[in-house]
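Two complexes are shown next, each including chain A; its partner changes from chain B in the first to chain C in the second.
What follows is the complex of A and B.
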């Protein structure tokens, strides 16, 4: 277990470095800079700004300095939100994005596994087909359609939930989390159903039945755990999907999370902000993949070695 | 046939409609009817009414569907070509090369890809060509994995071994024996890639990073509809519903094909 973690972390560092450097140089290839506003600045101001932010130095030197500072936890200053450092913006946005993503994955797991379980027990019957159809539709629901649709229905028409901003209490979380969780829960339901259907055909289940165990016990004690292996291997991609979905949801519901900063930063060519968010996202995804592998190992002991 | 494959026929019908509508409608998708700004549905020649600056909704839906599906098919083809080339090479050569090539695929899987695509869009300008090259380059990973698995399984089969023993060059074996045998599976995954790409393109367009005005796509229409939904919910419901319908239909057919071939 410990060996797996250390090995994964060892490969994570070069991966991260490659992502950071690739994004760094990609950003700098872009025509236009962060100081191209509505009115062009006079050349002297432009040069002074370039110098102040170190943009006049050779690219390699800038990249090297960036990585050096990053290691010390300094993401640099934001070029557009002039009064803030990128670290401050991330510190503001990250908790919101993590809350959204975390709640969404918990909700998706709860709904998805329950629905998949229910469908597998009723395999072939009408309930199974209905649930699976619903799951297929759910996976095809993009957050940028469900988000506004939910906001329109529950926010504007029924007036039950706040349409934008964070506000008091937890009501503001409901619609964003539901919009995020829907497609993921559909995918999880399908995986659970497929996993369980194949596990229930295996010998050890037949043995358990022959021994006269109750169906509930067979299902939860012997069936569910191996059936969840495919779900665990989906958690990595699911996390990546949730992070991208969060970009839309934060834009739609006007939440000051990381995703919104990312889009704003990309549109404004705020190099350090975009780089910082990409780096953070990459690190989060790598971390979550590791976490998913650990769950995987717990569910299927044969995987622990590899 | 028609009943069983209803989803795909529905999509084909929508495509036909999207292609034919420009010849049937009196309005083009970017033409402003100054007499009828925000017209409700079924007013005059505007079947679905007009948007907040007086453009015909139906014409815009048709144009958006055309662009979205065109980008999707082009990007899916890019992913097909790159995926087959990569996967087949890795599977055929095997050994260290295979391991290295698949490591790269695994590594790329772990990347926050959407963000890299967004970066690409920002860096190279938001041209429609780049939208699908960028998406195609992201979506080839699954194809590469599947094709590699197929090639490795095929390599052991007697007819391939016989062709090798007869001295057929690798390239010829690849073209004549391997590729025809993986075509079915590749087709199934191509079908599943299309809705993925539709999703990515609409996502980018929704954020203003994909297809640019005056061109339109379903993502842009959803965005426009969402911005104006308190005034005219139809503006959100139509493109949103159409998009979801296309995605659901393609996913159902793709999964069916995949289950048949694996």
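What follows is the complex of A and C.
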């Protein structure tokens, strides 16, 4: 297992480098620049700014300097939020995004696996069909529909939860987390149900049954773990998606998370900000996929080989 | 009073009456065996009274004074928990893959309410069923064990809670001949030691001979004959029983009539196959080393060996569907290039047939498409009408009627599916068939028919056969010569009857003793 972790971290470095360089050059292909406002700056100021931020140097040299600084943990200055470095902006936004994404994953897993289990045990019956229909609807509804709908219902009509901002306590988290978790929990429910349906037909379940174990014990001790293998493969990309996909939810609920910086940075051509967020996302995705692989090995020891 | 007594039992699944008027008894410390062809209802008969199939059971079933009947007064789950233990056919899949051997054994030990066993007690249980390094094995996951080791773990778990009755559903069918006799001997010992009654299901008379006290012969859901095992085997009263006994190949059978071999056809010279070790470990695994064989026209050569002896690796290398790392393969004296460089004419020459006939056929295709597929690749010169004619001809060659054309594999029996697989293999007129355990998954009646079919095809078309098997008695019905393999090496070759009469290598002697 240690070998797997080291090997993955070793390959993570070149992967990250490729992602950083690709986004660096792709971003520069887009027309416009960070200092293009509604009122054009006079050429001298423009040139002075370009020089101050090193944007007048050859592109490959800028890329090289960026990577060099990155290695030292320096994401550079933001070109649009002039008083902040990118690290400071990330430090502000990341905790909110991680809290949202992390809670959403946990909620989606709890709801999804429970619903999937319930449906699998009552396969073919009304409860199964209802749950699976609910899962389809949950997966199909985009967050820009569920978010405002939740806000309208619980925020405006019932007045139970705050509609916008971070506020006191944890009440402000509930609606954004639910909106984020809903489509993921639908997918997890479907994967769990399908996984269990195939595992419960296997021979080792009959062996467990032959021991006179209760159906509950058979389900949890002998059936659930192998059934969750497809869920684990889905979870790596899903976790990354929850962080990046939080852009919409953060906008709907007015939360100052990472997603907003990402979108605004891209629109304003704030090169270091976008690169910083991209690097962070890439690192997280690599990390989540590593987690998923470790979880595989636990779910089914046969996968630890080779 | 008998330990277990079934009287007038019937079983229905979804309204179909599959089992009728079945009766049998199992005495404490003795073995009652149910035998019959596949589909005769023997597994249903032994598992359904315990609620382990979807079937609904009626009749009288008494186990140790407890009525298993359908009046609802007895929790059938409690009967399984306290009184009975079960072993199934497939040791590969019958253990939970994500739980260590020790965890599963502990669960089995405690199933009837016993106290948590110590690690030492668990290790003793594994030693009792003949596993070495027992302590180490407690922490291993099932996929790390070989098929025979897994079946021993299954047995240890099945008797861990000291049941009165052990139900074994084809416990040795998936194992090779020498493992089969070891497992049967172990079951005999445990029976004598613990006064355990054994209800054994088998399709193979040879493997239960000398082990079973009572024999129940089943056909189409009914008992056709039963009685003391030695009496039934020595003087079967029913024709069906006689056919079952005759179908099981034995080394003492009279020598078969075989065709006369012709010119040399295929030769391998010092063939070797090695694989890289998995994961980060370095080095190679040698699956096959220095294999040199010679095969003539119209000749059958048996490659015989236990599991893991490298016999399938050799067959796959020759058929061009597996890797070759060393040595060469000659066809009529000319070196055959590796698979990708063989032209259509060369590819046509050698065709494989595999062990599991149903699994080796595409489940979504009709028989017509499965059988004609080789023609599309190997005979692009044929018109569709000519193809259709050849498919009909080859189906009749393997004794399948025309209405099989539109059937799908799921609707075929094992024997019918294997006939389809053979039809697919011979349609492009090959000169050599590589048969990898082609009769091992079939019951003896069906297996004997497939052997007969192969003999006939050889006579008609002058086919050469490479018959890979763990069963030397079955190979003897078909093959002129035999090559015995062990640990990736060919250890002995010769004329079939000469090798059987005077085996020189210990591996050969062991194989013959187990048959």
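The working rule: the second predicted complex is superposed on the first by the 305 of 306 C-alpha atoms of A that agree within 3 Å, B and C clash if a C-alpha of one lies under 4 Å from a C-alpha of the other, contacts with A are read in each partner's own complex, and residues count from 1 in each chain.
Quick note on the criterion: contacts are C-beta pairs under 8 Å (C-beta built on N, C-alpha and C of every residue); 3 or more make two chains touch, one makes a residue touch a chain.
These numbers were taken from a predicted model, which means no experiment stands behind them.
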| item | value |
| --- | --- |
| Chain B versus chain C as contact partner of A:266, first or second or both or neither | first |
| Touching partner for A:27 - first (chain B), second (chain C), both, neither | first |
| First, second, both or neither for A:301, with chain B first and chain C second | second |
| First, second, both or neither for A:3, with chain B first and chain C second | second |
| Contacts of A:208 with chain B and chain C, given as first, second, both or neither | second |
| Touching partner for A:194 - first (chain B), second (chain C), both, neither | neither |
| Per-residue contact with chain A, leading partner among chain C and chain B | B |
| List of chain C residues in touch with chain A within their complex | 50, 52, 77-82, 84-86, 88, 90, 93-99, 107-108, 111-112, 141, 143, 154, 157, 278-280 |
| Chain B - residues contacting chain A, complex | 107, 109-116, 118-125, 195, 199, 202-203, 206-209, 219, 222-223, 225-226, 229-230, 233, 236-237, 240, 243-244, 247-248, 251-252, 255 |
| Interfacial residue positions of chain A with respect to chain B in the complex | 15, 19, 22-23, 26-27, 29-31, 136-137, 139-142, 144-145, 147-149, 151-152, 156, 236-237, 240, 243-244, 247-248, 251-252, 262-263, 266-267, 269, 274, 277-278, 281-282, 285-286, 289 |
| Touch list for chain A against partner chain C, complex | 3, 7, 202-204, 206-214, 221-222, 225-226, 298-302, 305-306 |
